[in-house]
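What follows is a set of structures for review.
First chain A sits with chain B, and in the next complex the same chain sits with chain C.
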Partner chain A sequence: MGARFDPAAGLGRRLLADPWFVTGASLSLFLVLLVVLSPWLSPHDPHDMGYAAFAPPSADHWLGVNDGGMDIFAELLAGLRNTLAFGLVTASAGLAIGILVGLASAWFRGVVDQVLMRVADLLLAIPAVMILILLASFYRPSPWVLALVLASLAWPTSARLIRSQALGLRTRPHIAAARQMGGSSAYIIGRHMMPELFPLYLIAFASKVRMAVFMEASLSFLGLFDPTRKSLGRMISDALPFYYLDVWWHWLLPPIVLLTLLIMAFTFLAVSLERFFDPRLRAAWAD
Partner chain B sequence: MLTWRGHLLAYLLTALVMVYLSYRLPGWLPGDFVTAMYADSHVVLGAEQEAALRERLQVDGGFGSYLLALARLDWGTSHAFRVPVSDLILNALPWTLLLMGGAHLLATMLGFVAGVEAAWRRGGRIERTSVGGMTVLQGVPEIGTGVLLLMVFAYHLGWLPAGGGATLYVDHGFAERALDVLRHLALPLATLLLAWFPGNFLLARASMVLVLGQSFLDTARAKGLPPIRVRYAHAARNVLLPMATRFGLRFAFMVTGALVVETIFSYPGLGTLLFNAIGARDLPLIQGIVLFSSLAVLGINLVLESVYARLDPRVRVYGRAL
Partner chain C sequence: MNLVQHRRNGSNWIIRVGLALLLTLTAGLPAGSAEEAVSEIRIADGRGDWGQPNPYLHYPRGSGYVRMSWVFDTLVWKGEDGFQPALARSWVFDSEMQAFVFELQPEARWHDGEPVTAEDVAFTIELFREHPYYWIRLDDVSHAEVMDTHRVAIHLHRPYAPFIPDIGGTMPIMPAHIWREVEDPNTFTGPAAFIGSGPYRFVDFDPVQSSYLYEAFPDYYLGEPKAGRLVYLRAGQAIAALRNREVDLASIRPEMVEPLQRQGFEIVQDERGWNKKLMINHRKAPFDERAFRQALAHAIDRQAIIDRSQRGFGRPASFGLLSPDHDLYSPDTPDYAHDPERALELLRQLGYGPGPDGFLQKDGEPLEVELLVSNITAGGQTAADRDGEVIKAQLERLGIRTDLVNLEQGSTDTRIREWNFDLAVSGHGGIAGDARILNEMISSAHGAGSVNSARFDAHPELNRLLDAQLRAMDPEERRGIVAQIQHLHAEELPAIPLYYPDAFAAFNPDSGVRWFYTPGGIAKGIPIPQNKVSLFP
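Here is the complex of A and B:
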């Protein structure tokens, strides 16, 4: 360490001075808190159909009751939880594949690189949503299976990002030294390259969560998940046929607002982190 | 890196894999095929129909004859509509092309010009607010904007129709018909535009800013070229390649957005058709649309690979694609 240039120095402070980061972080914190505190926030079971249908908001039902006699606020919290969980699972799995592929590609070069990057290009050219629709309509797998399938289709963007930065890392002296002292490929990738590219994973993770949440909302909006599974997209499609009734502001609007806040939070995080860590963009943002 | 022929081969192979998957998938369903497909479909089969279907499905000439049938546009028959899947797809296709193509062209051109102009006025108040505003807009999903536009313009203000692609059962002259189609197009198009414009704008601006400091622009200015020529012919040319690359990267996901927007406005394109097919568990139709649109997206990406080479001579010289 010592006098060496350390890009991470004072990073926390600089990040906290960035309005995009602060907004994104506090929005996501707020949404996570909503999910975590949901048992205390809403006493109703989101699947309980025992209330008076179309009841307007009241002290008991903060956002009223939907056409099926279910408490909308409880549904909203359960939907937010499922949508967010889908996003986090997909992003984690996709990022894990992306890191492995990106690093392996950059380290081994040659045929490995060629094959992996070619597969990545082709996966980018295939609409993931179509594969998911096909699987979901034929087999009706659980949401987790779909999340993993989406992750296995969506890793190329992060693999490319990580590969491009790892290529530069590969020729640095300390890596050569580790190699010289007999470090195996697995050791160098795992011990040196993987930790050093850490900031990139944050960028990739934030943008993957954003993509996966959007995907989950779209798929559930189209009715591809189990109809009893609560989800923000599903709520929107349930409420949409009643948009001309007075119920729109407490039934249709809340899931839209929550979904937008969720996607916005991760967009802001991705934008802000990208600005700090992606050297190609640094020049573009410096002003 | 692969040559152009290598690309073509890789894409063809991928297309074959997708067709094969679509051929094999129904066979992997648990139990008997006909029962599995119809078990919870909204369609009840008569005894004769079931026998006919069994006969048709048992004539399995293998993958080769499946491919031939695809090429002959024999994509099977929809359960719910009882018409060939290919007819349904070809009827819906022009609407989707109009909506997605129009939105994409507008979003790209407007994003390009606005991004270049914003970068040129770097540091000004307009530039700062527009970058901020576009970043915020990037966080708003199509579902959100679509529903809000529907509520405001179709329901509360009543200016524009809430759904469909054209007014049915009316006798319009050509001009009236065109206006009618445009009126129906306005809201879904605006939704997609709001979703796709910000990304194009931000990318065009960021790429342009990277170019601005370079010395070839000083040379161009020193030659006495008019500013507009320096800005577009010299500087902004470098923005085209990242924008085309981004389109290639984003296209597969843009399909998702278009699907949702068509559904919200019940626009008579492939998205709405697919939505209805999902609702009725019309498996042959789902399969047909999925296969068709995946192949179309693959094809467009293949075309893009050659466009990169035209946009950037460096790519062409080395026979590389980025």
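Here is the complex of A and C:
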């Protein structure tokens, strides 16, 4: 590798020049704005079944009305909010666990490292989707509990990424100096290592949101959540049986498009951030 | 191995050219008969797997029975105009002997070539007594007497009014020469387990594709069936399967009627033979209070469920359970108008009042109910609906906090069977068939095996009447008793009948087969338009 890489140098300028980042960030911003502005964008209650079933799009119902007499646009916004919230909660919790495990493994090494990494290996071998389907079918936990369960299964990839970088960081002179000066493990991890690996968290976070959003859509498509809970996956599942009517373009298509945009947004961000901050890809970028 | 052959679109042009040549050559010839043999008939099914087609292996729902009915014949069979001869060419009730005497078709053969005899009928009674078959109850049958090779008398302990629909027209006759040696019929799965005397021989069931293949039995005593092969295919999207000519018959949603009619498909509509109903766990508080159940009936707006969940395609059900299309339906059955005020009044009388959160409570305990819903398979079509959402909204408007739980149908059935539920949306047919359905759907003595039975034994008079209607051989006497049963069911509400969804099926008339919904339903009352009579020559 050539000159030492400083990820912070000219970061904003370089990110804004990256079409992947710009597309991902723009899409994310658009979707977040949709969620934030939803009370003003749609005056209808997404659970109100009081409208004429299958009414076509109109000034009052931008995307028409579904089979149950509910405003599709209001349902779409509520579904986007729930799907996105599930993704963000899962990614935040999964990342928090990943950071703690990754840093603890790298710092303490020895038995701690061995045990934590074997647990990670074990979890990587377990298909999370099956665990979630079984849990949702038999115990019907709230979506938040399912999000936390998914987070508890999804941390190993970020933990391993963070551990591998933290192992290198551990031997750096400033960390050694901090130890020489009597800094405790908690102080060094919290004050030095955790902030210095920050760019990796962004990569891990974006890829976890993407995974969790897809998982939530799949579970709700399968009808494993409360049937009254709005979700993009549930909307697709509700609309599919009526595909033969002329409703597909304003009922079936919007949740599919929104779900695709959501996944694309976080995929683009993850790809872009990886190119900038993941040391494994950095060489190619630096060259 | 999947023996079902799929059409190959790639060779379509060869077939078309061939057909054109054939048409040119035959243009001058007289038109052929409309009753010409068809090589294959394909029927779509939303679920697919209904078990293997014999009495001990099919799933205990209507679609499973119909799969079996192609292979195993009964003594009599219900067609479009009521009961008609099947294995028995004639029958008579001998009141002195208190027995039904059947004269069998001398030409009837089992699929292995053996003749069907009175011995087989007598053996079937013994078999189902020793190894009960879910669909048949023989409590009132004393014994079967073989009078000669083709005459058999089935003696009764006591009068049994629904004998013909319930036993004669539902009980599959089993080959004694095969089943006599079988120790455990529930585990007998060899090829001989599917030898019947029906119009079709069972050839293959593919559990992966959930497809069934039957072949016509050429020696069938009523003549060789119209179609050489009968195939059931799992098809999630019935309209696409019909349009692509992958299937000839499918149950369809009401919204599909118009587009399919435009494309030349023939549409048939069922009578009110199937009802959605709200199962109630009346063995636990507060559902054990009649007034509470009546409050639920007033709280639920059934027309709103039909409008919101079925897009208006349905009709509110009679609280007496029997279909208004039934001969013995009583128009005097009590009704519960949608009246939230009356519902609240009843709940107040039971001690419920609004809590700090606006929901009802009693002695500080919130009133919370769990409502189970599933995608129920009706008429071969599994469809999601919004019944649960609408009922939840209606109950919560009244102040009853409702936890809506969506489960796979089998899980809901299990929880109902084990009394591990509060309320559950379920449904069943049979309500336009014989009035014995009232016994099965109300009393645990008659319907303990049915997941849709309320198993309600808390009202001795109701139970007495249920028994009495079975003994009333005089039709008018029976009509009076059945009217009282409907009245009491509506008062007690062990379950709340909700509505009759409009049921439609579409078929391709070019296949030369005309399908129909059997008045009163197939056998005991199955509202599926797959009556084997359609394929009789």
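Here is the rule we go by: the second predicted complex is superposed on the first by the 276 of 287 C-alpha atoms of A that agree within 3 Å, B and C clash if a C-alpha of one lies under 4 Å from a C-alpha of the other, contacts with A are read in each partner's own complex, and residues count from 1 in each chain.
Criterion: a contact is a pair of C-beta atoms (placed from the backbone, for glycine too) under 8 Å apart; a residue touches a chain by one contact, two chains touch by 3 or more.
This structure is a prediction, so every number in the text was calculated from the model and none was measured.
Chemist: Putting chain B and chain C on the same copy of chain A, do they fit or clash?
Modeler: With chain A aligned, chain B runs into chain C, so clash.
Chemist: Mind working out whether A:Ala186 is in touch with chain B, chain C, both or neither, as first, second, both or neither?
Modeler: After superposition on chain A, A:Ala186 lies in contact with neither partner.
Chemist: Contact-wise, after the overlay, does A:Val145 reach chain B, chain C, both or neither (first, second, both, neither)?
Modeler: The answer is neither, since A:Val145 touches no partner chain.
Chemist: Touch check for A:Gly223: first (chain B), second (chain C), both, or neither?
Modeler: Both partners.
Chemist: With the two complexes superposed on chain A, say which partner A:Gly68 touches: chain B (first), chain C (second), both, or neither.
Modeler: The answer is second: A:Gly68 touches chain C but not chain B.
Chemist: Using the superposition on chain A described above, determine whether A:Leu29 touches chain B (first), chain C (second), both, or neither.
Modeler: Neither partner.
Chemist: Figure out whether A:Ala53 sits in contact with chain B (first) or chain C (second), or with both, or with neither.
Modeler: In the superposition, A:Ala53 contacts chain C only.
Chemist: Is it chain B or chain C that touches the larger share of residues in chain A?
Modeler: In the superposed model, B touches more residues of chain A.
Chemist: Which holds for A:Leu134: it touches chain B only (first), chain C only (second), both, or neither?
Modeler: It touches chain B, and chain C stays clear.
Chemist: Of the two partner chains, chain B (first) and chain C (second), which one does A:Tyr244 touch, if any: first, second, both, or neither?
Modeler: A:Tyr244 contacts both chain B and chain C.
Chemist: After superposing on chain A, which stretch of chain C overlaps chain B: 415-423, 469-477 or 487-495?
Modeler: So the stretch of chain C colliding with chain B after superposition is 415-423.
Chemist: Once the complexes are superposed, what residues of chain A are shared between the chain B interface and the chain C interface?
Modeler: Common to the two interfaces on chain A: residues 137, 223-224, 243-244.
Chemist: Would you mind writing out the residues of chain A in touch with chain B in their complex?
Modeler: Checking each residue of chain A against chain B gives 20, 114, 118, 121-122, 124-131, 133-134, 137-139, 157, 211, 214-215, 217-218, 221-224, 233, 236, 240, 243-244, 248, 252, 256-257, 259-260, 263-268, 271, 281, 283-285, 287.
Chemist: Which bits of chain B are touching chain A when the two form their complex?
Modeler: Answer in residue numbers: 1-2, 10-11, 14, 18, 21-22, 25-26, 29, 122-123, 135-136, 138-141, 143-144, 147-148, 150-151, 155, 205-207, 209-210, 248-249, 251-253, 255-257, 259-260, 263-264, 274-275, 278-279, 281, 283, 286-287, 290, 293-294, 297-298, 301-302.
Chemist: For chain A, which residues are in contact with chain C within the complex?
Modeler: Residues in contact with chain C: 47, 49, 53-54, 67-69, 137, 140, 223-224, 226-228, 237-238, 241-245.
Chemist: Which of the residues in chain C come into contact with chain A in the complex?
Modeler: Going by the criterion above, the answer is residues 237, 239-240, 253, 255-256, 259, 307-309, 311-312, 373, 375, 383-384, 386, 388-390, 392-393, 404-408, 411.
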